[in-house]
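Chain nomenclature is as follows: A, B and C, assigned in order of appearance, with residue numbering initiated at 1 for each chain independently.
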Amino acid sequence: MTVTAPDTTATTAATVEFRGLRREFGPTVALDGLDLTVRPGELLALLGPSGCGKTTALRMLAGFEHPDSGEVLIDGEDVTRVPAHRRDAGMVFQSYSLFPHLDALDNVAFGLRMRKVRTSERRARAAELLELVGLADKGGRFPHQLSGGQQQRVALARALALRPRVLLLDEPLSALDAKVRLSLREEIRRLQQDLGITTLFVTHDQEEALSMADRVAVMHAGRLEQCAPPAELYGRPATAFVAEFVGTMSRIPGRLADGGVEVLGQRLPVDGPVPAGPDVDVLVRPEAVGVRTDGDGSARVVATSFLGAAVRVTVRLADGTEVKADLPAHEAGGLGAGTAVTVSLPERPVLVAARTP
Amino acid sequence: MTATAVRVDSAPAAAVKRRRRSLGWLAVVPLLAFTALAFGLPALAMLDGAFTAKDPATGATSYTTGNLTASLQGAYLTALLGSVKLSAVSAALGVLLGLPLAQAVVTSRFRALREAVLTASGVLANFGGVPLAFAFVATLGNAGVLTRHLGLADQGWDLYSFWGLVIVYLYFLIPLMVLTITPALEGLRTQWREAAQNNGATPVQYWRHVALPVLLPSLLGGLVLLFGSAFAAYATAAAMVGSSIPLVTLQIADAISGNVLVGQENVALALSLDMVLVAGLVMAVYLPLQRRSARWLA
Amino acid sequence: MARLTLWRWGVLGLAGLYFLVPLAASVVFTVDVPGQGVTFDAYTQIFSTDGFTSSLLLSLELAAATIAVVLLLMVPAMVALRLGAPRLRPVVEVVCSLPLVVPPIAFVAGIGTVLKWGPEHLSRTPLFQTFVAIQNPDFPFVLVLAYVVMALPFVYRALDAGLRAVDVRTLVEAARSCGAGWPQALVQAVLPNLRGALLNASFLTLALVLGEFTVAQLLGFQPFAVWIVNVSGSQAQLSVAVSVLSLLVTWVLLLALAGAGGRTRTASRG
């Protein structure tokens, strides 16, 4: 897919701000005071489990939901009270959002028709957008004649047709096959970077968020947990929730002592906030855990699964805790189930969290 | 080796498939035989009778198109046109009035209300007939409660007139419309409304450019279905004795029960054939529309 | 938002007025007789009126026979369409839609013609006895034949909807892999899952037969609906009272059925 339509971009990329957004649906709190700023031209992923409020936040920016309190700003201008059809935000829905009675070209041209743009002009523009998403030859097809991936491309072209200042993507890939999902996600990212359009992307798939976004905002129970670039989110999660939601994390019981933490017979410095002690859990990534065959070791291998370059080994410690470790395939050769092993951590500061029962 | 194994495997599978197919035929045959007897025979008899004339003097029969010609003349033609006019007017009104009611019911948050309205529609749309006629006679007939208490008779009200019948017919046509259009309204996805808004469409533009075009096949389908239902209605009209509106169903009934001249049975059969042709036309229009709307709204 | 709700209540209110006033007025009509004041005679007389019991019983018997025949014909055919003969599907669909193309009045005209063949052409053959037997006024089987045909479209739709919700093929294969024979698989695995659809089909047929007037009247029999009309000439109040009662009873029964259907649906999901 080549991008040859620089005029698709709005004049300048926009800044989006959420300020103290709050919304309750009956007894459930969907948004509990959300503050978040999206920088001009960046792709920000809103990541979280279902019901964390990420979709509600996106729909508020589109104008489909209204906050009980708080405001939404685009380029510093309060749009909270602007009706949905006058917001400057193109949206791609989860699925099945194409109008069934219009062909692909007319779907893309729909917004221009609402603006009373002349027929020839809007058809030319729609054709240009279809070319942009690689469907130049599918303009005459109706939605039921297109595959799921093609439908979402048309939806993307439609969302861009009015040259919006913000692009909103509401889990646009979740209804697609794994393979289509991968290729379309690369295309969306490339298109977004070429157009330089400020984009909000809602997803519950952490891999999707980490691989596509400039920054990822992790949400939990209507609040923002952390907003950071993917590498920072993974390497230095700000809270225990982020640590466990993004990537795999094992909890190993430890004990706070002298400003450090005692764990697995080692004494390690603590990274980040220190919870009330003294009993805590130390959070470790599988690739940071060392596993060594040791006839005297008190830990036992429970299971191994082959992941390609690495082998994920699940080890049960003497106290019953299970720890996951990723080892290079050649190191994991002798580690069958039942092997006695010793588990160790690198001499680096570790994250600790309050002990969970 | 592998090839033989496959063949060995597939042979019994094919046999099972064959047996299954023959079992399937066996299960369908009684149904087909029954319909051929109970439906096909009367239908053929009607067809045959519509083209048969019997000489009253000799009793000899001969084939003729005279019955059909007679059924399209004079009082019979008036009745046929009367039925078409009544059905067309009440079907159109039924569509116009049923759509907002269905929309109100579909968008309602009260499940119990929806359930009650849809069930009531099921009763009234299919099984109203006689009870319905009597309810209206009791309400708006010459001695009806409203007629007496509101003094409607002095203002020229007559239930047994064209518009009186339209009001009665709407009592089962509106529910039929609600039943027909409800699945289509439920098939309208919220994403379409939101996508339209997102593309700058006002609510009016959404209805004009998205909802109505998507509903159009269902609406037209509803229109022809209502027309067919009104056209075939007999019980209601017959129970409201004294109807001065000429209707084809009443004419057929009169002819076969011998209330008019003897020997009119064959004309009654020809009139029946006329009705079947109209109803067939209705179905021929309805089915393709139904198929298209099912594809869009599935 | 408030404007939307107002619009909705307006529509529902007007519809309620149009649909409830005739019912209410009918009730008033039956109890407030001019010259007699308020009286409940119309309702107390129902059971003692000549013909009420016999015509209602006749209608119920006809309904039972119709339901039995239509289900015996349709259930095996519909299940077979799913299992082994999908190519017959359009045939069955068309056969079951044909009655919609032939209005009842035209249908009865045809039946009347066929019945007249009996005395005219067949009086010396054993078939004649059959013709007489199916027109026995105590139990006119010819009406069952006609009603089965008229019920086909409704039953087809009800069963089709029910079958769509279950994967018959997998059910049968699962039952057979557990050692059940064909008949066992059908009776013990498929039919229980079609309970809702069978109930629905039976009920639609019941309501159809109870309310049917055209065919019965023109063939000269007197089941319930025909009786109401015949009695209206002499006892207007009574016929209206019976009409209103029968409408309400049908509605309540259908509502109960919808409730039962809804419960079974949630039960099977949980």
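In this section, a contact is a pair of C-beta atoms (placed from the backbone, for glycine too) under 8 Å apart; a residue touches a chain by one contact, two chains touch by 3 or more.
None of the values given here were measured: they were computed from a predicted structure.
Touching chain A and chain C together: B.
The count of contacting C-beta pairs peaks for the chain pair B-C. Chain A and chain C, compared by their mean Cα positions, are separated by 56 Å.
Once the centre of each chain is set as its mean CA position, chain A and chain B turn out to be 53 Å apart.
Remark: chain B and chain C have CA centroids separated by 16 Å (rounded to whole angstrom). Touching of two or more other chains is recorded for no residue of chain B. On the side of chain A, the complex with chain B involves touching residues 62-64, 83-87, 89-91, 93-101, 110-111, 113-115, 144, 155, 158-159, 161-162. For chain C in complex with chain B, the touching residues are 7-8, 11-12, 15, 18-19, 21-23, 25-26, 28-30, 32, 34, 72-74, 76-77, 79-81, 83-85, 88, 91-92, 95, 97-114, 117, 145-146, 148-149, 152, 154, 182, 204, 207-208, 210-214, 217-218, 225, 228-229, 232, 236, 239-240, 243-244, 246-247, 250-251, 254-255, 258-259, 262. Note for the complex: chain B touches chain C at residues 17, 20-28, 30-32, 34-35, 37-39, 41-46, 48-49, 100-101, 103-105, 107-108, 113, 115-116, 118-120, 122-124, 126-132, 134-140, 143-146, 148, 170-171, 174, 228, 231-232, 234-235, 238-239, 249, 252-253, 256-257, 265, 268-269, 272-273, 275-276, 279-280, 283. Listing the residues of chain B that touch chain A in their complex gives 189, 191-192, 194-202, 205, 209-210, 213-214, 216, 295-297.
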